[in-house]
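In structure tokens below, several structures.
In what follows, chain A forms one complex with chain B and a second complex with chain C.
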Partner chain A sequence: MSQYQVLPGPEAFLPPAAASMGNVLPDPGEAHIEGRIVPEDEAYEVFARKVLGAKVPTIFPGPLVLWKWNDHVAEKAKAIRELANEAPMRIIPMADYRPKYPKIEAAVEINPNHPNLTIWHNKIDVCIFIGVHCHQANLSLKIIRGGTNCYTMAMCAMAGHEDACLSFRDADLGKIRKLIDAVKKLKSEGVESQAIPFKQFKLSRAGLVDQSAN
Partner chain B sequence: MSKEKIQICEDLADVMPPEYQELVATATYGNQDRGWKDIGSSKELIEQHSLCAGCPESIAFRYILASLPAPEDTVFVGSTGCTSLVFPHVAVHNIHSLFGNQNAIASGLKRTLKSRFPDVEKDVVVLAGDGATVDIGLDMTMQSWFRLEKFTTICFDNELYANTGGQESGLMQKGFVAKMAPKGKNFEKVRLAEIAREAGCAYVAVLTVSKPNRVEQAIKNAIYVAREVGPSFVQLYTPCILEIGKQSMEGLDEMKDSETIGGRFVQKEYITDEAQKLLDSIKEETKARKKAAKEAKKSVNA
Partner chain C sequence: MNKQVELKNKRIIASKHVKLGQKNRMDQTYTDINDIFFKAEQTPNFLTGSEVIREAIKRCSVGTSVAYPITPQSEAAALIGEIYAEGYLDEYFRGESEFAVMGQCAGAAFGGHRVFTTTAGPGTLRAMENFPMWAGARLPIQVCVTCRGVNSPLSIQPDTLEMYYLLETGMLVWHAETAQDLFDFIMKGFIVAEQPDVHVPIAVCCDGFFVTHTKDTVDLPPLDLTLTPYDPYQNPQPVMDMETSPIRMMRDPFVMKSNYISYATHASWQQEIKAAVERSRKHTIPLLDGLIDEYNADRELLIVASGTAVSQSREAIRLLEEEGIKVGLVKIKTIRPFPTEEIRRVTKHAKHIFVPEFNVVGWLAREIKAIIPDNERVYVGPHVCGGMTMPSEVIVEQIKIQLGMETTPLRM
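Here is the complex of A and B:
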């Protein structure tokens, strides 16, 4: 059977689970790019190229890094912010997995039950999931591949996501820092970010903070 | 989990949607005297819900969530039905179980939490419809009571299978005709409260959700008794206005009518002596604590 390639969609209303097409997860020290198992270092460079080449590169942090379960998580959150500033990338949180009824604020949040709405609304062409529980990540990644043309990546704390176009495994602080280093390295070699200029939104208990007032 | 754990990472706090920031700032986790009166003045542990407009289940959820003595250490076990549409919007741990299995899941969960967290009181609360509790899940419901499993079972009794369009349930009244029960029910409403008492529940309450203070007391009693004495059961009348042909504003009247003398839901409680003793002592303690807090406040102001 030829290798099933996990490419950006829109693939179909119900794209197949990559695992059902014979794709396997990387072993420790490895990653996968579009279903092909590669040494992890190769994937860092591809990650950086994808991010810098995108118009709307976006980080989707999940509950495992948004909520301060312990001090180590706070360090990961800090590194994620650093990555966003370095690239630059937008940050749009997946605060939990509740379906958002009656209406999701697609400009400022993403939800695993209808992640395509956020991708469409913001015209996101490259994204990375960090700190999303595996089941919810795989669900989202499939929906995104089914209905959008976004290139999906995942920094997974477990064994990786076969339904992402590119996936790391065993995420920890060091690996998030390696993402930052990879971006810095390419930039130092003259690769420029193609991101459309933006200002990261800010939210307070009252809603969107008007940044023009600052 | 404790109140201190419900925090957002500082570096990502300003991208978190307002409802989560609110949850951290003004929810009542950690306050053992929380109750229905907090509704409206503090962050409720329920966001939107997808029940029908005016469905009494929605207000029942609000009262129950506001009354849990320790939501940060509570795990709900739900089952399929209209209630299961609400759990995804609730900021308390919850597990969805296969229809009817809820009390079996809760038995295992309670035992596991006890051995995993021997020093923390973890409250397990089953919340399911009448179809799940009395019909398809009756075996599991009763086995958990026979075995004296220490958790609370709450049944949202709307006297039919609402979520699937109005089939007959054991808790439906005799003679009632529903959309999917056109010949009318042939036998009496199952006397679940009495079954619960005989099967081993140390605290049993039957009431409607028309009066929030009563719901609060019943839920607190049930949870305290489940912690110390044995299984507890609360049967709440939450009429399905859709299936009985009422308007959204008419749920409250329906509940009030049913709890007047001679009605199906006149409030009743069955409490064992041991459970009563416990509830009396908790009442005394709470009174003393509140009095001390009041006096402390007075002396600060003086």
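Here is the complex of A and C:
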């Protein structure tokens, strides 16, 4: 059994892929927390505690939920927005995967080729990837673990991510709603969000249009 | 591993393809791989390895196959052309060279087809640049490599040196011992390679002529069953089209930019390909019944081999048994991923480990030496090359020499 724990970094100049350290992805109905395979239900509560305990909890929605490929996507996107409002969590999009030159707008976007810049700039201590293609999510998660102290989570539509500190698999609308329910449940038990107050920004094709839109 | 991969059910996660249960134009039913191999009746057939490749491809819902002649795979490539004419494949054509073929395979895979091709020896090396490109692009193409000599003066005869070149391309590399292995590996290989957490190319290798041009009894599932088609929506990354909005991910080619973070991305990318190969263990173990087969592996004398060297070793073990020398056997089925933990486990109590190989360098012995403690136990050989046969008596002789026993030298 692998003893490798997937913990927040900074871990190394070039941290290993968790799969190469022997970590195996969860099966359907399971999730993993820091490399340990757990029943999926256990991971929802850990997710909620991490989010509510963070100063800058952030959702990184990827192209699979930002672009309306089909009607399911719109439903997922609405649920993600609901999660962001409920927690609250910031939303910083990973709209596509091109490297941004000459420089990324780290306040309002994240990119798989230099995700650490966005983490550092916004002082993000807890994040969750939703709707990012697996390959690009794994690139990002390793780089984030290598150079930042951010606790990473992933709601993956396929087999999950060993390189996140916590990962779900087979994401669908129901599972996103379970994230919301887990947050609501903890709040009803008296757990308060530690997030630094903020307002969601609004973007158009021309860039940042409203810092205070919500 | 943080979790033990179970063998008990011998199943991988069943296909959820929308076409599961539907019929294709050849009146075959799209069927889950578990049902094809573990439920359907298997019927014995007497076939050459090349014919076995044809029979596998008939049942694999392949979209595109690209051919180029080079011995000993030419016959298989021609037979695939025949089944294309019958309607089993959507596209089949001859490329301009092996390099072109592999590029054309990439194009078809980028377009969402299940892709199969065959090559051998110098063809493998001529195409080499494309293999890490396939892997880096996460294209689950299957190439069947019918191994032969690669160097000058040319030999068309069996030699597994080309597999050594494939080991670090980021591909899955499996090594078939028999025609039955070849059939099973081709069909199961598509399913493992196309898993979303794997999604890298696969080289299903066999020893040319020994497997491709000899007849063997092979159990085949019914022809009216075929694999569910490749599902491009299981791809772990978007199609790498230079201008497909909004995913024009390659318009600014990050590897060309000279700053630190681009190289970190490339490093992370390479790690991800290696990780994908590692993830294939979980899917391969139930389908192939483990990455290795073991026979009396608790013995102090052990032969560890892959491909037809396993068959020669079986006979050598029988000959040694007649003289009262008991030897165990470990057959390695997957070279990538390498069965590191399995080999460490089965060699734990071995005092002498022999690694017979059909190549000049003894690459399998190097792989084993690199991962086990007290590796002076590994005897690199016997190995032959250039198309030589490896009589079982050679293995017997080498084991006896190592044990300090008297032998009668073999002459060619």
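Rule of thumb we're sticking to: the second predicted complex is superposed on the first by the 205 of 214 C-alpha atoms of A that agree within 3 Å, B and C clash if a C-alpha of one lies under 4 Å from a C-alpha of the other, contacts with A are read in each partner's own complex, and residues count from 1 in each chain.
By definition in this document, a residue touches a chain if its C-beta (ideal position, glycine included) is under 8 Å from a C-beta of that chain, and two chains touch if they have at least 3 such contacts.
Just so we're clear, the structure is a prediction, and the values are computed from it rather than from any experiment.
A.B. asks: Output check: A:S204 vs chain B and chain C. Expected answer is one of first, second, both, neither. What do you get?
C.D. replies: Only chain B is touched by A:S204; chain C is not.
A.B. asks: Once chain A of both complexes is superposed, is A:R98 in touch with chain B (first), chain C (second), both, or neither?
C.D. replies: both
A.B. asks: If we overlay the two complexes on their shared chain A, which of chain B and chain C does A:P61 touch? Say first, second, both or neither.
C.D. replies: Once the two structures are laid over each other on A, A:P61 reaches chain B alone.
A.B. asks: Where does A:V108 make contact in the superposed view: on chain B (first), on chain C (second), on both, or on neither?
C.D. replies: It touches chain B, and chain C stays clear.
A.B. asks: Chain B or chain C: which reaches more residues on chain A?
C.D. replies: Looking at chain B versus chain C, the one contacting more residues of chain A is C.
A.B. asks: Under the stated touch criterion, which partner chain does A:I143 make contact with: chain B (first), chain C (second), both, or neither?
C.D. replies: Once the two structures are laid over each other on A, A:I143 reaches chain C alone.
A.B. asks: Could you give the residue numbers on chain A that contact chain B in one complex and chain C in the other?
C.D. replies: 67, 95-99, 101
A.B. asks: For chain A, which residues are in contact with chain C within the complex?
C.D. replies: 1-2, 4, 14, 16-20, 22-28, 32, 35-37, 63, 67, 95-99, 101, 112-114, 116-117, 133-136, 138-139, 142-143, 146, 158-160, 162-163
A.B. asks: Help me check something: in the complex, which residues belonging to chain B touch chain A?
C.D. replies: 5-12, 14-18, 20-22, 25, 47-50, 88-89
A.B. asks: Which stretch or stretches of chain A touch chain B in the complex?
C.D. replies: So the residues of chain A in touch with chain B come to 61, 65-69, 73-74, 76-78, 80-81, 91-93, 95-99, 101-102, 105, 108-109, 200-207, 209.
A.B. asks: Flag every residue of chain C that touches chain A in the complex, lowest number first.
C.D. replies: It is residues 1-5, 13, 138, 195-197, 234-238, 246-252, 254, 257, 261-262, 264-265, 267-269, 271-272, 274-276, 278-279, 281-282 of chain C that touch chain A.
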